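Note that the chains are named A, B, C and D in the order they appear, and that numbering of residues resets to 1 at the start of each chain.
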Amino acid sequence: MIIETREFTRVEGNGKAEIVIEDGGVKDVRLKIVEGPRFFELLTLGRHYYDVPDLEARICAICYLSHSVASVLGIERAFGVEVPEEVMLLRELGLIGELLESHALHLYLLVAPDLFGYPDAIRMAIKHGELVKEGLAIKALGNRIRDLVGGREIHGINVKPGGFERWPGVEDLEVIERESNGLLTLAKRSVRLFNQITPYGAQARHFIATNGYLWGEKLTSDDEEEFHYTERIEEHSLVYSFAKRSRYKGEPFLVGSLSRLLLKSEMLTPTAKRFFEEHKNKLETGYVSYNNLAQAIELVYALERANKIAKTLLDMGIEGENVPVEPREGEGIGYVEAPRGVLVHHYRINGEGKIEYSNIITPTAFNHAMMEVSLFEEAQKLYGEAGEGEMLQRLEETVRAFDPCISCSVHFVRG
Amino acid sequence: MSENPYQTHDARILEVKDLTPREKLFTMRFLDPKVGENFEFKPGQFVIVDLRGFGEFPISLCSSPTRKGYFQLCIRKVGRMTKFIHKIKEGEVVGIRGPYGNGFPMKNMEGSNLILVAGGLGMAPLRSVLWYAIDTGRYEHIWLLYGTKAYEDILFRDEIVHLLKHGESMNCTVKLAYEVESPSCIYLEQGFSDRVCRGVVTDLFRGESFDVENTYALICGPPVMYKFVIRELLDRKLSPGRIYMTLERRMRCGVGKCGHCVVGTSVSMKYICKDGPVFTYWDALSTRGLI
Amino acid sequence: MRYVKLPSENFEGFFESLKLWGNIYAPVKNGGIYTFQPVESASEVDLHYTRTMLPPKKFFFRPRETLLMMEGKKWIEPSDGEKAVLFGVHSCDIHGLKILDKVYLDEPMDPYYKKRRENTLIIGISCMPDEYCFCKSLGTHFTMDGFDLFLHELPDGWLVRIGSVRGHEIAWENGEVFEEVTDDDLANFKEFEEKRAESFQKELPQEGLADMLDLAYNSPVWKKYAEICLACGNCNMVCPTCRCYDVCDRWMDAYKAIRERRYDSCFMENHGLVAGGHNFRPTRLDRFRHRYYCKSYFDPSSGYNCVGCGRCDEFCPAKIEHVKVLEEVRGSLK
Amino acid sequence: MMKKKLAIFELTDCGGCALNILFLYERLFDLLEFYEIGEFHMASSAHEGGHYDVGIVTGTVSSHRDLELLKEARNRSDYLMALGTCATHGCLQASVEMPLKEKLKAIYGNEGNPMRALEPKPVVEYVAVDLAIPGCPYDKNELFQALMDIAKGIEPTTPDYPVCIECKLNEYECVLVKKGLPCLGPITLGGCNAVCIRSGLGCIGCRGPLPGEVNPAGEFEILRELGYGEDYIVRKFKTFARWEP
């Protein structure tokens, strides 16, 4: 017998799960991404590098900047371009804006209704209006940063190889400095709120992240030194899904907030670090549901870090000089931490600056196997114990814990 | 009220009447009696109707200024705003500003014959002229030549039939041309065989002769109609200065600012809203693009 | 006309004193263009600018502005009483404003335009033409009115013409920064004007222009240019005498609306469209021609609707040149 | 007053057009004065079914699942809106000109099509819609105005001018004329407030071509004169709107 969930709601994109029941027990669980294929890799083939980040941004709206930054980093590495600190700081600021926007959306509007037992945040707002407003406030700052750095709340095209077309002004940075500080209390409150989450899903055994907090030159894992994705991660296609599945050392692994905290806690800002220490034992169990708690802690990190970056940039003064980009033959990989985990853009570019090969692996694709394992374990736990409705609800919550971005996952490429 | 020409005055819709499936007649009165008293207009002028929060659009006044205490607008349902106003019910309030435009030179024409040539919705502004002329009795004889698609499309049908029957006593000859045959039309045609026929409006000129020295023609209809009617009139030697027509263009302001209704070339430029909407055929000859 | 001299060393003091009259807006370089922007100090101003992208009409007839705001079911007017000083306006643009005055101050007056005109001082400044200017051939390179003060560059300062009572008051209240004009100054002024007169590279002969164009209504030249024109409307937007606007009501929240107007362009397909789908200027050719006719319309009381500022040429992506089109059309008559 | 029932149906896309609705922030609550949300996958687990007054579809039809959902959306909604360039023109994901089989093979390494993918096409290729708001993503104020108008019983207005108009209203430096960047503003439908030119970049045409008598040939010549290759220009033109309606 196969039990099928409805399509997941309160996640980005379209997916569902099938639970295979045999001999009175759960035999297998399949996570089906039903979002149609999107062919982004093909779209960029033969294109001039300059236009590529704008197009790649369109892979996903929630994390468009992660895509454009990863794309830009990949291109710059292929050309051997080095950009000055202010450019990297601004890009990081953009990624932080994205993290704020995405985590606030996910925690307050998509997960919180589960905690309080509502179908959505709009209906939840009737009783818990303050909470929804707090979430929207954090989200709004995130979007403001995305607008500033990226050029638009969604799919801006301001992030370019070599720098930016539009540079933020002093006033813009002052606003960010002020607001990031002002919102910190809300973020702290969210840690307390999402600390209520109970453990469910599987316990991850492997964690992978980039070697820098929000972007990196390489990947790192719980038991390895730094490596390139091509060296340790295999992927293969599935007949029942438009997304592919990846494994590390033959095993599922986790990317995202929880992995970042566990692998890179020494990079955290002071308050975020304190929170991490406080909840460390819990987080270290590796239950995927604690990803939500990790996200809340990351909100604190993001606000503190945004504040710091704005201060630094104000102190340094923005030069606003772009680095000239000369196309040359080369290959480069851009690693970025999208809000939901590691994102890879890999390009080979020819001497004229045209894309010859491109491969994109998104966090949800990395997490695919882990999601299936989690669903499997959760289904095993609940099948026969709880009613079918309750089980399906819990399975949906399990998927939601990953903050999956299904749109992204449907087009990682082999060029 | 303030001096702001874009401000509109509240007017209550007293009555809404279906004239045809597409046209409704709105009878309105200003809420503020002072505004009502100051609202003096000439046949051929128009107002701007303001549905606050949605937009504005120009509509000719179709009642005669001789009828006091209210004014009437005949509105065809064609697009966004007009569809919306067709949903509005009696008793509701809309904004009105105006009257705008030059209107027909009714004073100058006193003592003369008037030929009103209406096509379709063109009947609306000419109805104002018609009743003004009848009410004041200052004109020699009035012809109304009205071309319509079908029986159902005849605007102010009751009035038209009434005038077909009793018009002569008011110095008024009404003639009607219809394009689509129907029992009702045939019935009408049988009743008034000399004045109702199947055909287009120009067919109604057949058999008519005018005293060209003492006659004015007033035309309003769809853009394609003008050329044919004017030829008919010129054939009868009517001077281009005695042929009046009322025109329409897109308008945003109605007071000669927004530029949409500007027509002409380097030698002559006209604002339809301010210099018109009534023009002579001579204006059309000297300003390209007017018709 | 009254004349005084503003020596270079007093320029800053004079500039500062203008702040008493309102917020100062002046031409500032911004990337590859100039724009009129609020400025705090004289050093921000580019006194030798060629032309701003949007002409000073933007202060009186705003690119976008709220005409009315809904309160309950009534419209109320927004209030805007800003006092401003428009510093550094070129002669052609002053002529442009005079043409706009003809429209917006004609009865019934546009109250928004009128109020801002009253609340704004105009300080003109002399200029040197670049490759786009053809104001001299239209007689708009010099203006006798339409300003409060007009500054003409001299080697050691400025010859200032005083054009209004308010201008006079400024000169009066700042007596200490001005000097009497000397013969040397006049000689320098004359020299500047002569040099300027010789620098024009473009000319639009006015003689018989209006009637020739009318006669050339069916010239193939119109068609040739209409084919490369993008109908993007940029030329309208930057024109100091274009004044078409569109109006739109918008919802600000669930129950409040505003009525907003914004610049419109006669290149838009709907400009001549009326209900029922009839379009009085259905093709790009019609609209292209319409703009040229509108700009070349000769009003006996105010002259042409074009002041020769060169903006439409500078900002046309298709590089269509106003003078060239008109000359070719006229030429095609022979 | 009875609230209208609103449903948002998401086909294959980046999620931006659905997300952008949430970005209305407090104005979302203004809309909720008139609407009740019956279905909105991204934000709600509610699933009321039945009849909807207003349906919004985002995304392209890229699989049989999408097509089924679209048909359902059309059948159940009185007023159907295609929202975003995916739904109105196909956007990026529909711009790869290659047979579907080859595309699938290039990406998934086999020719089978177990998930029943379809050649990605905009919503308007399959069903008639009452309103199409393009943009990748669309301007959220435009959606707000449209939904307010619909709520109040009037047809929404849609922009009918190129991006250049708004670019000039904001007094942005023209990047085509002054920097020689390939800006598609002159031939692209406005309504985005020229947000990309605000950043000093050329419009990449995400709102699709301006309908009516535009002049892509003229734009093509201009870009060629600026030194851009023909292939490059053609591809740029087609990026968002291969399925131009």
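We adopt the following convention: contacts are C-beta pairs under 8 Å (C-beta built on N, C-alpha and C of every residue); 3 or more make two chains touch, one makes a residue touch a chain.
Bear in mind that the values here come from a model prediction, so they are computed numbers and not experimental data.
The chains that touch chain B as well as chain D are C. Ranked by how close its C-alpha mean sits to the mean of all protein C-alpha atoms, the top chain is D. The centroid of the Cα atoms in chain A and the matching centroid in chain B are 66 Å apart.
Here the spacing of chain A and chain C, counted between their Cα centres, is 51 Å. Taking each chain's centre as the average of its CA atoms, chain B and chain C sit 40 Å apart. The mean-CA centres of chain A and chain D are about 24 angstrom from one another, to the nearest whole unit. Contact with two or more other chains is made by no residue of chain A.
Shared contact sites, meaning residues of chain C that touch two or more other chains, fall at 248, 251, 270.
Among all residues of chain B, those that touch two or more other chains are 53-55, 79.
Residues 53-55, 79-81, 83-84, 87 of chain B touch chain D in their complex.
Contact residues on chain C toward chain B in their complex (touch as defined above): 67-68, 70, 73-75, 77, 103-104, 106, 108-111, 209-211, 213-214, 217, 242-249, 251, 257, 259, 261, 264, 266, 270-276, 278, 280, 290, 293-294, 296-298.
Considering their complex, residues 30-33, 35, 53-54, 58, 63-64, 227-234, 237-238, 248, 250-251, 253-254, 262-263, 265, 268-270, 283-284, 314-319 of chain C touch chain D. Contacts from chain D toward chain B in the complex involve residues 149, 152-155, 157. If you check the complex, the residues on chain A that touch chain D are 6-14, 34-43, 47-48, 51, 54-55, 58-62, 64, 105, 109-110, 113, 119-123, 136, 139-140, 143, 151-158, 160, 164-166, 237, 239-242, 244, 396, 405, 407, 410-411, 413-415.
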